[in-house]
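First the structure, then my questions, so here it is.
For clarity, chains are labelled A, B, C and D in written order, and residue numbers in each chain start from 1.
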Amino acid sequence: MSQPALLLAFDIVLLTTLLALALAAVLSPEPRRAVMLFIAFGLWLSLVWARLHAPDVALAEAAIGAGLGGALMLAAARRAARAAQRGTARRADDGAR
Amino acid sequence: MTEPADWARSDRARERARDLSLLLAVLLALLGVVLLAVYFLALNGGAAPRLAELALARVPQSGVGNPVTAVLVNYRAYDTLVELAVLLAAVLGIWSQRPAPPGFQRSSAVLAGMVSWVVPLLIVTSGYMLWVGGYAPGGAFQAGALLGAAGVIVRLAGDPTAGLPGEAVQRWLLVLGVLMFALVGLALMLLGAGFLTYPPKLAKWLILLIESAATIAIGTALAAAYVGGRPSAKGQGPSAGEASAAPSSSSLGPRP
Amino acid sequence: MTAQFLYGGAGLILFVLGLWSFLVHAPLLRKLIALNIMGGGVFHVLIAVAYRGDGVTPDPVPHALVLTGIVVAVSATALALVLGARLQDEQRQG
Amino acid sequence: MYSNLLTDPLVLCITLPLLGAALTTALPRHAVPLGILAALATCSAAVTLGVDVWQHGALRLVLGGWEPELAIGLRADGLAVALALMANLVALGISVYASGYFRDPERMRAFWPLWLLLWAALNGLFLAGDLFNLYVMLELLGITAAALGALTGSREAVSANLRYLLVGLLGSISYLLGVALLYTAHGTLDLGLVARAIAANDRLFAVDAAALVLMVSGLALKAALFPLHFWLPPAHANAPAPVSAALSALVVKASVYLIIRLWLDLFAPITGLAAAMFLALLGAAAVVWGSWRALRAERLKLLAAYSTVAQIGYLFLFLPLLAVTPPGPPRDNLLAALVLMALTHGFAKSGFFLAAGLVQTNAGHDRIDDLGGTAQRLPATTFAIALAGSALIGLPPSGSFIGKWLLMQGAIESGQWWWVIVVTTGSLLASAYVFRVLSRAFGLEPTPLKFVTDARAEVPALLLSLVAVALLGLASGPLWTLLALRAGGGA
């Protein structure tokens, strides 16, 4: 295979993975899983941007978009999971404490 | 959640919702095709180098070597000023809603040991990132993000304040970016150079000054956003309601 | 040009995907993920437009715009999450 | 060019509130005096800017001393200055009112910096000359508005404003995609330069049209144009009174201003009658639906919020008329009428909300059916509501009377008589909902002893309503002169 074709194939693999991650994040009903997938999406996005010669933006996206945004969402997902858990456990015992 | 008697109805409702989301999917797919076509046209519209050549040509006069930093803190510095205001607004909005929820359980010795060298490393890297942003990838945002990340790690390790100082100091750190930016800009205006128009000789140092302030503000704001509430007055005495609302049973390590 | 179209096109698909998810999913967290993916799509378009092939320095202006956009997006996300948490707390107590 | 004192107020209008926000954040104990100081300073900067533009014509400033396409431009033409002046005067009134409104010191401290940031965003939006800068301003506006709206912390307020925040984000992302397309096609972000490129290059019609649709629909969502208004009533009705006033009178107006600006300046070569007609139909639906819901509302603040939906609708009725009217005095009349209605609504609605807030704190509720005796307890406030109400209806001599008159005249002259029906229906419904409030407020009780009971709270509401009725109606002439001052380049 010639080099441009190889590069094109590489690009297509990069982008397909990106779209697959986004689709998985969007379709996942379970909060923690969705957030994990979103973080993976953000990190992959920054990888793609590095490929497009945008290292500054890639760094920022990895650190702020995926990293901090993900951490914030993860905390919220954990809280949601805990609330759901408490909802089911309430009947049996006040076990959440 | 649904009562058995409602099942039939909720089934129908669910079916309807699925139909609706399918219909929306089809419509939006159409929108996607239109957007792709339009984007193709736009790409071939003949605007090709756009601002690239001009922006790159002016870099030597901008006081920094990294073109992206030149855009951020020089050509389009005004955007960056407003953006710092956005970050400030978000933190103020968060503070207006609730006091800081309690942090996580103090982490194990191993983790604490790890934190004690990761955090200084992050802070040093942040300083390096700020400095290197003048001529290589990096800059105030990335540096600020690293500072914020250090705060997140500190909080995860059990310090509820995320290593941030008390409220009074924190408030000054938060506004440092906006304040420095606006004051430098106004000073330049009063001296006759024009708002945020750096004289070439001073550009490098003024930009470094602004970027340092912005880094601290961004780092503080990101860490404060992760804390997720107004810093409590002294130490941490979360109210009873808060304490029961979020038991500190979850930590980084496995649940007891 | 092919790469520009390919990457930008992926960004547009992300935009539409996020929009769809925003419209059909009710939970706050899913809406926020959807919005962030939409935003990521627009940023992706800008980064693709800035790309000028290997060996050529890309257009720095869109890069700076995206940097600004990323910070704005995370600020809004943080505020929305705290508002959501506030609602959840109240639901539990009330 | 750069050490020009003339353009300094342009910068000060935006930096002074930013500085004020920084200082009120850093020194929360002195938030009130610092906030008032910043409010006064900002307002004087805006007035100075108005005088400058009046004397010297439209102003333009390129920041940083770079080429205009590379840097960010600020611009102040007649339209921008007219709205900025209104916004700053209203904001000053709101500031005075707010200085005595919040009892809880914690809330007071939270209010001031957010409020000044919102103010900065408003001025920044009115005076911006750059597409991406507008995006950042929109986000600042959206975030501060939602945070302020949720300030009471009540369940309704938080959930309504969370929804508002999300909807606003959706709108701005859509706007940003439009900007990205325009940058791809035309290679610059400066409003004037993009406008020139659009006019020069009709091969890219499809791209420009797509950008127009993305940007205008994003902004219509933020401007609560029917049927995208669903988020507005709960968000505005549950906010603290000074915030409701700002949201309804100013924040929504900023998005409308931007639509008008894009429609008339940027996309002028490609906006046809059909597109204008579509927006006007939505506006007509908003007029009827909003007025109807206002009539049925049980709470005073909800009534005011629905009335905002209707009043925003009127502004869109002008678009198809402007589309078919060639440049000349009739078109100037239409444009002036449009701005006059926007200004009147700004003053009247803020006065209305401030007064409603007083009624609420005084009576402990704002249920319209139980307002009996308000006229006796709060005569000045009731008078303010009556004045603001008459401006909302469009009674003479209010500014909206002239606005509606010219709107109907334009509609008949351009053969689009059906808008007259919409305007009359809206006005009739408006008089019904205003008189419903007033008839409850005036019970059969003895006349009051004191006209004004709490000056700091009542006078701003009264003055704002008075401006809407008297000043804008009787002395609207200068507006024509002001609006004739257009910026070079774009239009």
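The rule we apply is simple: a contact is a pair of C-beta atoms (placed from the backbone, for glycine too) under 8 Å apart; a residue touches a chain by one contact, two chains touch by 3 or more.
It should be emphasised that the depicted structure is a prediction, and the values quoted were computed from it without experimental measurement.
Counting hops only between chains that touch, chain C reaches chain D in a minimum of 1. By the count of C-beta pairs in contact, the leading chain pair is B-D.
Chain B and chain C have Cα centroids separated by 14 Å.
Our note on geometry: chain B versus chain D, Cα centroid distance of 29 Å, whole angstroms.
With centres set at the average Cα position, the gap from chain A to chain D is 38 Å.
Within chain C, contacts with two or more other chains are made by residues 8, 13, 15, 19-20, 28, 32, 45, 49-50, 57-58, 61, 63, 65, 67-68, 70-72, 74-76, 78-79, 81, 83-86, 92.
For chain B, the set of residues touching two or more other chains reads 35, 39, 43, 49-51, 55, 68, 75-76, 79, 83, 86, 89-90, 93, 97, 141, 222, 225-226, 228.
Contact with two or more other chains is made by residues 70, 132, 136, 139, 143, 146-147, 150, 153, 158, 177, 183-184 of chain D. According to the touch criterion at the top of this document, the contacting chain pairs are A-B, A-C, B-C, B-D, C-D. Interface residues of chain B, counted against chain C in their complex, comprise 17, 20-21, 24-25, 28-29, 31-32, 35-36, 39-40, 43-44, 49-52, 55-56, 67-68, 70-72, 75-76, 79-80, 83, 86-87, 89-91, 93-94, 97-98, 101, 141, 218, 221-222, 225-226, 228-229, 241, 245.
In the complex of the two chains, the chain A residues touching chain B come out as 55-57, 59-60, 63-64, 67-68, 71-72, 75, 78-79, 82, 96-97.
The touching residues of chain C, counted against chain D in their complex, run 8, 15, 19, 22, 28, 31-32, 35, 38-39, 41-42, 45-46, 49, 61-62, 65, 68-69, 72, 75-76, 79-80, 83-84, 86-87, 90, 94.
Chain contact summary for the complex, chain A toward chain C: residues 8, 11-12, 15, 18-19, 22-23, 25-27, 29, 31, 34-35, 38, 41-42, 45, 48-49, 52-54, 56-57, 60-61, 64-65, 68-69, 72-73, 75-77, 79-80, 83. The residues of chain C lying in touch with chain B in their complex are 1, 4-5, 8-9, 12-13, 15-16, 19-20, 23-24, 45, 49-50, 52, 57-61, 63-65, 67-68, 70-72, 74-76, 78-79, 81-83, 85-86, 89, 92-93.
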